[in-house]
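Scrolling down, you'll hit the structures one after another.
The same chain A turns up in both complexes below, where it pairs with chain B and then with chain C.
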Partner chain A sequence: MKITTLQQTKVWVILVTLLVLANTSVWAQEPASTTYIQVRVDGLSCPFCAYGLEKKLKKLEGAKNLQISLENGMATFEVPTNKKPEKAKVEKIVTDAGFTPREIKFSSTPFKANEVPN
Partner chain B sequence: MKLVKSILSISLLSFVGLTAYAHEPLYGFGPHVLFKGGFGPHITLNFTGSLFETEYALGYGITPAWTGILETGLSNQNGNYSLDYYRLKSKYRFYLNNQKGYSHQAAFISQLTLPSQPDQLGAFDMAFTGGREGLKFYWFASAGYGVVFSSTQLNPGNRFIYNFTLGYRPFKVKYYKPDLVLFVETTGFTHQKSKLNGDIVQDTGGSYLAVAPTFFFTYRNFAVRGGVQFGVWDDKFVTKPDTNFKLTIELHI
Partner chain C sequence: MKCLIKRLSLFFVVLLVLAGCQPKPKQWRYIRTIPISGIGPIGIVQAADNLWLSDVDNNRVVTVDKSGSIIQEINAIARPMHIAGTKDELYIPQFGADNVIRWDAEGIHSIAIADTLDAPGGVDVNDDRMAIADFFNHRVLVYAQHQSYSIGGEGHDNGQLYYPTDVKITDSLLYIADAYNNRVEVYNYSGKYVRTIGWQESIKVAAGVEVANNQIFITDFYGNRLLIYDIYGKLLYEFSEYLDKPTDALWANDTLYVANFKGHSLAVFAWQ
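After this line comes the complex of A and B, so read on.
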């Protein structure tokens, strides 16, 4: 079966249309909003021992940009807002890692520089 | 009598095993437990004169406060290899006070040491241990008692061990950077008199004291713990231990 020039043109038109639509739908999407989470953690005194906390927090769906400060006793990270974990879940993660959760803050904007673990 | 001395020397070594966990004393024990669901594989290399021992251990965090550990020891002396023991260890942290920058903890340890061959010793040991882990300073204090059992007519006496350790972190700690802590450990040991066919063997039993400078280096979830122990004092029929070099490699996963 021979493919005519007209058929080839039709295929190209369909492909280009699909490509344009796909791109348009990506552009049309709202940028995913982010929730910033800051946890004050008591008992952080050693990077080796705190590794368990890092491992468990990273298992939270969508968690990224995790920072831990032993000096400030603090962990901060961010998640997509639609995957924001319950406070109780964050507390359980900290407890399972062997530490004591204190204040937990959720914010729609990044924490100030002096609030972020160094 | 050579047999008695030989058995006693093995008995001394097997009380605490070779493996040290995290910042715990290298020649004693401490309250550190693994995070829930965490695995802690270890390899320990131990040199005393011509005796070279290795211990393989795997810890698992059953709960945030309870860790189970399996250990087995191999040794090589003058080209003769032997599988020395299997050990099942439980560590339960019954006290935890976490504050900003430090943690006070206490734990109860129990361990069953099973001999790998009929003529070797077994033991059941229990110990209380506690201490502080801080950004700058560490201390640990521990005391344990062990019942030694044997399948022969010779029953080695029970044993008592105590350890006091101080630690200092010389550099400022950053979570994502390498970390170093230096320690000085003091370990005391008392062995009760042995019995042969139910009769006390007179020239057995005694005590010793040993001191060990040690270090703990970590990067992320990888740790190296090392040190050297010197015997400084002995009494009665237990001689102070020969100089010992030990290195432990540990991973938390």
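After this line comes the complex of A and C, so read on.
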């Protein structure tokens, strides 16, 4: 089978186009931003409650780096901003875990260690 | 007359000596506290002659010597809670992974459970029986002779459970730490409710239960108490000193070990 010059040119055009598209899509993507979430509830000093809440919050899509502070009665974690849950959804998880949520905060920057909301 | 007085004196002396020789009834006495720095204990059991503790904060189970130093640790356990021990095995509920695993000298083995657990808080085994406190499902699952059944269900009446955290199996009964109903519930092997223990003592979260020597031991987590009952639920002893958020008790050779979660220690009591 003989490959003509026209066919060779077409192959090159396709390859170059694919390369450009690939590069464009990579560079066009912004670094994934993160939303930090802090949940404050009463009665979290019981380990069954605290780690029960931890278990439930982990099921939120994209949730990671979940920290539970028994001393401060707080849970902090982060999610990709494009998967940021509605406040009502977090509230429901807290309520289903047997707690009454006192405060739920969202932030684009990490919460300071042991930071207690006002 | 003198002779009579002598004889009477002698009689009273002998009586006094005999009274002194009467064995004192045994009772619980505080002995000491063993610091277990860095460990947040939930469950405590004896297996293979060692004390084993579930260290929930650090996702591990450890064995300690009598000074509280760690001898051995099993790592990467997802929030272990009330563990059970046999001669050479440990049964560990993974609260954070919704399963129960078995550990022996050869390693960790999974246990097939034909049901869906939601945060198992405690497990106990006795011959061919196994019971699991299923925290968020408000029930206890019992596996016996190739059959299984469920005890409890969410509620506050007798025969119902509200966030059970621990279970103990004896030769004829099951004792369940019905944590947020602030009591221990007793069932027979048919799953029938028998009695409630601790309902009069205003317990603030009945976190753990131990049954031994015809006595029931309840750790009152927020009340910082250890309550000891007879098998019919009559309160025998109450300790409030030496405890700091107690989660479990273990009877071993006339010695009682109480795990202090917040105190990072073991309070030791002796039956003497």
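Keep in mind that, in the parts below, the second predicted complex is superposed on the first by the 86 of 118 C-alpha atoms of A that agree within 3 Å, B and C clash if a C-alpha of one lies under 4 Å from a C-alpha of the other, contacts with A are read in each partner's own complex, and residues count from 1 in each chain.
Simple rule for what comes next: a residue touches a chain if its C-beta (ideal position, glycine included) is under 8 Å from a C-beta of that chain, and two chains touch if they have at least 3 such contacts.
Remember, it's a predicted structure, so these values are computed and weren't measured experimentally.
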*Quick one: classify A:D42 as touching chain B (first), chain C (second), both or neither.*
first
*Partner chain in contact with A:E86 - chain B first, chain C second, else both or neither*: neither
_Under the stated touch criterion, which partner chain does A:S69 make contact with: chain B (first), chain C (second), both, or neither?_
first
*Which of chain B and chain C A:L53 touches, first, second, both or neither*: first
_For A:E103, using the defined touch cut-off, is the partner it touches chain B, chain C, both, or neither? Pick first, second, both or neither._
neither
*Is chain A touched at more residues by chain B or by chain C?*
B
*Touching chain B in one complex and chain C in the other: list those residues of chain A.*
45-48, 51-52, 55, 97-98
*For the complex, which residues does chain A have touching chain B?*
42-53, 55-56, 67-71, 73, 95-100, 117-118
_List the residues on chain C that touch chain A in their complex, please._
40, 42, 56-57, 79, 81, 95-96, 119, 121, 135-136, 163, 165, 179-180, 205, 207, 221-222, 245, 247, 261-262
_Contact set on chain A toward chain C in their complex_ = 45-48, 51-52, 54-55, 58, 97-98
*In their complex, what parts of chain B are in touch with chain A?*
22-23, 32-38, 61, 64-65, 96, 98-103, 133-135, 172-177, 179, 181, 218, 220-221, 223, 252
